[in-house]
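There's a structure below that I have some questions on.
By written order: A, B, C and D. Residues from 1 in each chain.
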């Protein structure tokens, strides 16, 4: 009896909510967040957006005094749930703009929905070049999409310079063994390293070891790496990177190791690895761990830390991307008179936020325009974050920086020189 | 001459089909948003997978833990053909279904020799193997870990998508129902009860099992292929995943195993439950509550919602009967 | 004095009733036989005493009601059981099989082991052999031995001779007789082999399709024309 | 060769420990405990919380993990397995649902970030290109101790023999005075404790994450299928076959094919010899 009563009550509640959901108020603008509500990266984007929205609302609202309302939809980092989440935001909540903290395959999952609904969408986390390629090949359908983080392709260029300036000139390393996870990401980065880093920087690739992402025991893999006789290890890891890096530390592998290590991007890395992560260096989007901040970004961090006490205690780079990006999206909307037309895309493309530190250009939030060719890589990056990799970094932000975790738990930027806070080094157990 | 119970079933079917087809209109009248239809579309596909699972596992008692394997073959085949090789959808989907049926035969081989928990485990191994292979072998075709996005879609908009999905589901349900009304259906259920006795009665259990596996694989392949073209994207993590397996099995069981309507009820219940929890529990709590409800329901009534429905009806009937 | 009292016992498998109002007593120190054809309900009767079937009625051991207890409790009250199929643990050694029997009677292990070894010396020789590799007769001995290890007040034995050679049957009969004589253990035995039962038991009950049809001493029944007709006539 | 030998032994020891708790339930209770991986996860997170968050001594962490694992095993038996009264399919399905629920619960409590455990024992030795950590040696030795202890327990104690008895003949066990219910409960408790201990070691090898229950479950399933139900020694041997196969594949062939061979082995064994290499259906 009670079971049925409850069922009935539940049904009524569901029906009411369904009706409520369709009632939207004309004096609000709805922003949807899509991403994982339980990951540090997802929460960084969500909180960056929340702070930006609070500030915009406090400053008198947007688009002639409307308040911004934020609705979030959890993907649980599952591609299918991502599709449902996007549908929910688009059709149940009818949002005007979507900000995303999704990972690669989740973004790829909902992209066909974005094409269908044509809702302006800003991705702050995934850096997959394949998504930008969609804009290259099918601009008309994909044009509401923006990605304000430099894509994979950009990082290789920075890495070639890092290899030449630091690994070869400073460390005197001449040969490398590549440790690559068996994923599409791993394959793509491997191609860049083997075809670009090696020939340009003059580093010989002695061996490439591809490993399965579910690998439990890395001891034999590191043994093989040591047996290859190379001067250092180049690690490419985006999935379960903590495992390979902590085993490198626990096994005290007597070789230097650098590379792309997604786990080491956030401040919680040290806590999560329980300290088994010293010496790990990785490429990181900016603003990275250990990256000196300009006053505007610092103010954002102060607000953030006053407001949130739970993880992540310090926003990841995508939190900054969400904060600045959301403000840019609304600035563009003011210019274009709203979100739902092509003029918003044009206005968004015109956004150019320059953040200065000590009078110097420090960070820049701007987008590549369609057809605009980046000199060094000789390709276009429509709607992707504009990065500058031509020396001497004077007309934009770097695409990425290289950071390194020290054995005392601190971390700093080691490359490029302008942003550098410490020197690149090898862990204490590695003999020079 | 149509018998009376058959006629009654047919009438219930007709009402059910008309009801499902009119749902968008009813929703429009009630002022519900299109988002509800989107949810129902996902529910329809889940119902198809649950019916496919139930056709093997609910009927013959061979519990499949690798159903995502079959769904994934269907989805990947049509996605690769249409996205990579520009094969028109009208060819790529049938090919995908045939390939899935071949996959179903692979599935079938171990079932010739092993039963029960062992069969469940080997199918789980099939799924895991596929998960690893898809990422390793020819990522240029499968898209590796990221999968494929931008697959040609068959329809646009929630209403069209709904009609496609619901028609697909209803046709499959009706065909499965019709198959089970024949002698084959009775024999299949007998396998679950006592395989030896079926052997004794002179029917070929091997042929019967093969038939059940082929039908199940065919349905999974159709569902997987159409879902790939509805979602427009596929990824290994979305298909060869233990959470997906969980959803399929639980949908069939929560609704009511070895019935046709049960898996459909279960799929709609689970999908709506998960989606309607979203406004209140946006984060991980949602999966916790959703899983918890599924577990309690299953523990309380392993025969599913369909059985609960009839219990309630019976109680109501006897009470009424007692009074009159 | 009655050690085991069975009163109005009926047993059910699902909807089917396989025992009907069976009543009899077993006195302390007696050997009582239940004879009947295949399917008469002999195994069901013993299973029912052990709490392995659904029953109505009452079973008292030393005035303790058994029908409310589960099988393990019934064993610990003092009922040992050697079932028809022996139900041994095939991949365990003879000794381990016996030791499992001592699960609820750990204080008496050595004494009971000694008893089993004197009754069935062959088991001592084969103590490390897995029972799956043993002959039928030896398995039957392990089964009886295991039941003895539970330290029973009454021993239930279900058709110990089934499928065994006459020589082995005699060995078992001798062992049981010796057991009864030397330790005074009460035994309830079922048999299809009437001759075997007649030579062993003092009192007999004839079970037919779940009913007790006849009861009496071995001597009396041996002369009874009805029994002769049923089991020895054609 | 030395490298393969030593790394193979270390990994295989861990795998054996992972599998043995799963084998136990499968053999005695005849059910697949799909929430077995969750026991490992529960153990790992308990250790993490006590030793790394509360910074209590590591030994306390390990012991507490084992206790929590045992309690978790008992709860699973009392709340799920027993009410379902031996319906194998229902137990398998409900343990699967439970695993998914607990995964969500772990995300709720700890977040879904991957965590790395401290080495339980510090220290590392270098032999040429081979690094050996004290932690992994301890894990392998610990596995052996636990497995041999379990073996002795099963062969030499009353409750252990009762567990074998229940696995071979339920009726025979009951008429010997063994209560299958209590023995089953004990089996779930022991399996939970073993799983939790394995979880601490497994997590100290790899990582803690809310989805970490899947990998050890697959390892356990692989070992049990290939080894066959019921033989602890068989489990031990197959754990070494699979462990060494992984190390050899990784060292001499291609590291990315590590898992593929294991899956192919499972399918091949099940098709050719469904009982497994050492299986005889009993413990």
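The rule we apply is simple: a residue touches a chain if its C-beta (ideal position, glycine included) is under 8 Å from a C-beta of that chain, and two chains touch if they have at least 3 such contacts.
All of these numbers come straight from a predicted model, not from anything done at the bench.
Graph distance from subunit A to subunit C, where chains that touch are one step apart, equals 2. On a Cα centroid basis, the chain most remote from subunit C in this structure is A. The most central chain, judged by C-alpha centres against the centre of all protein C-alpha atoms, is D. Separation between the centroids of subunit B and subunit D, computed from CA atoms only, is 32 Å. Taking each chain's centre as the average of its CA atoms, subunit A and subunit D sit 37 Å apart. The centroid of the Cα atoms in subunit B and the matching centroid in subunit C are 54 Å apart.
In subunit A, the residues that reach two or more other chains under the touch definition are 38, 182, 212, 214.
Not a single residue position of subunit C touches two or more of the other chains. Contact of a single residue of subunit D with at least two other chains is seen at positions 107-108, 112, 256-257, 259.
Interfaces, counted as pairs of touching chains, are A-B, A-D, B-D, C-D. The touching residues of subunit C, when paired with subunit D in their complex, are 50, 52, 70-72, 75-76, 81, 83, 86-92, 96, 99-106, 146-147, 149-150. By the touch criterion given at the top, residues 26, 30-32, 80, 83-84, 87-90, 92-94, 96-98, 100-101, 103-105, 107-108, 112, 214, 218, 221-222, 224-225, 256-257, 259-260, 263-264, 266-267, 270-271, 274 of subunit D touch subunit B in their complex. For subunit B in complex with subunit D, the touching residues are 61, 63, 109-110, 113-114, 116-118, 120-122, 124-126, 128-129, 132-133, 136, 242-243, 245-246, 249-250, 253, 283-285, 287-288, 291-292, 294-295, 298-299, 302.
Remark: subunit A residues 36, 38-40, 77, 182, 209-212, 214-217, 219-224, 226-227, 240, 242-243, 246, 250-254, 263, 268, 272-277, 311 touch subunit D in the complex.
Of all the residues in subunit D, the ones that touch subunit A in their complex are 3-4, 7, 10-11, 14, 52, 107-108, 111-119, 124, 126, 129-133, 135-136, 202, 205-207, 209, 215, 246-247, 250-251, 254-259.
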